[in-house]
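See structure below.
First chain written, first letter: the chains are A, B and C, and each begins at residue 1.
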Amino acid sequence: MRNLAVASILVVLSGTFVYMTAGHDITFGRPVNTQMDDYFLARGQEQTGANNVVTAVVFDFRGFDTLGEATVLFVVVLGIGMLFRKLMAREEEESE
Amino acid sequence: MLANVPFIAFALIAIIGLATMIMRKNIIKIILGLGLLEGAVNLFLVALGYRQDGIAPIFTNAPSTKMVLPTVQAMALTSIVIGVATMALLLSFAVFIYKKYGTLNSDSINRLKG
Amino acid sequence: MSKIVRAAADFLYPFVMIFGFYIVLHGHLTPGGGFQGGAVIATGIALMFAAHRYREISLIFKKAIFNVCETFGLLMFITFGFAGIFFGKSFLYNWMVNIPGMLFGEAVAYGQNAGNLNTGGIIPLLNIAVGVEVLGALSLIIYYMLTYVVKMGVNKEDAS
């Protein structure tokens, strides 16, 4: 019963995906809405002074995104440190 | 149909990852399924931005000016770093759960009291 | 690990570090950037952790160094962001670009060019900040897990 439910969910999801790609006519190699990216490619070099457009997007046009990303990495390391420190303290308590 | 092979590959990998996450009981395997799903999403992002005969969007000694879309590549970069961070945190939680319950089977981890 | 692995790791370590810092510094010219370069440097440190004994390597690479790296990188990023406000523009504004005489301030040649390291304004500085942060963060994750395995490990007899 459970496997049947799981299988039906997967079939529905993959069917939705196939319908979406067929309905919106996405083809590999021909992107449709490229106005923003064309702007970055044409003007990004003179506005940011960087030859690498991906770096220009990551660090200049979407700088807030990168700030959030760095914060996520910081918080994750903080969490891992707290977790392992607590684990080690508890096991030392138990072994005594 | 044949031109859309990268999108079909994305669909296959995403469905495999989702099926792994739903059907497996072992927590490590659930986390690996999540990693598979992340990889599929990155593949989808990069494949969406590909332009026929395009080169990487870098002007240093570039042979031509026909370039692929840069924004999706920046998004994939963000997604990779967040994926690594969440994966490390989830594996640490798996260690914690194993030490607390003595098992990694997600069906036997049902005690809610501390 | 055996003596061969240790010697090979010692030999490869400086090249891995140089390659990582090259990727960080040339992030605005060639493929790469702060995140990728930081990951390469952390790989070199993981190689040293894998090759040597824990009690020898933990005397050289202290946990406090990586902690300082991580915090300093994030603080540097936020400081460069607020420097834009200080100079009368918005947060994270690229106020150093195309000002001759400023560090990383030379005007870039538009279109395809050979690449000049002294361009990019604030982007190389943010690259360095992110590179330092990622180097500290990934090394700290490895360090915490390795410390746990060594001290509380699966086989206590193997701990060395």
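By our rule, a contact is a pair of C-beta atoms (placed from the backbone, for glycine too) under 8 Å apart; a residue touches a chain by one contact, two chains touch by 3 or more.
All values reported here derive from a predicted model rather than from experimental measurement.
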Between A-C and B-C, the pair joined by more C-beta contacts: A-C
Label of the chain whose CA centroid is most distant from the centroid of chain A: C
Where chain A and chain B are represented by their mean Cα positions, the distance between them in whole Å: 8
Whole-Å gap between the CA centroids of chain B and chain C: 23
Chain A and chain C, separation of their C-alpha mean positions in angstrom: 21
Interface hub residues of chain B, defined as touching at least two other chains: 58-60, 65, 77, 81, 85, 88, 92, 95
Contacts with 2+ other chains: residues of chain A: 45, 51-52, 54, 56, 58, 66, 73, 76, 80, 84, 87, 91
Junction residues of chain C, two or more chains touched: 29-31, 33, 111, 113, 115, 134, 137, 141, 144-145, 148
Chain A - residues contacting chain C, complex: 45-52, 54-56, 58-60, 63-64, 66-67, 70-71, 73-74, 76-77, 80-81, 84, 87-88, 91
Complex contact set, residues of chain C against chain A: 27-34, 70-71, 73-74, 77-78, 81, 92, 94, 97-98, 104, 107-108, 110-111, 113, 115, 119-123, 126-127, 130, 133-134, 136-137, 140-141, 144-145, 147-148, 151-152
Chain A contact footprint on chain B (complex, rising order): 3-7, 11, 14-15, 18-19, 22-23, 47-52, 57-60, 65, 67, 69-71, 73-74, 77-78, 81-82, 85-86, 88-89, 92-93, 95-96, 99
Residues of chain A defined as touching chain B within the complex: 3, 6, 9-10, 13-14, 17-18, 21, 26-31, 34, 36-37, 40-41, 44-45, 51-54, 56-58, 62, 65-66, 69, 72-73, 76, 79-80, 83-84, 87, 91
Complex interface listing, chain B residues touching chain C: 56, 58-62, 65, 77, 80-81, 84-85, 88, 92, 95
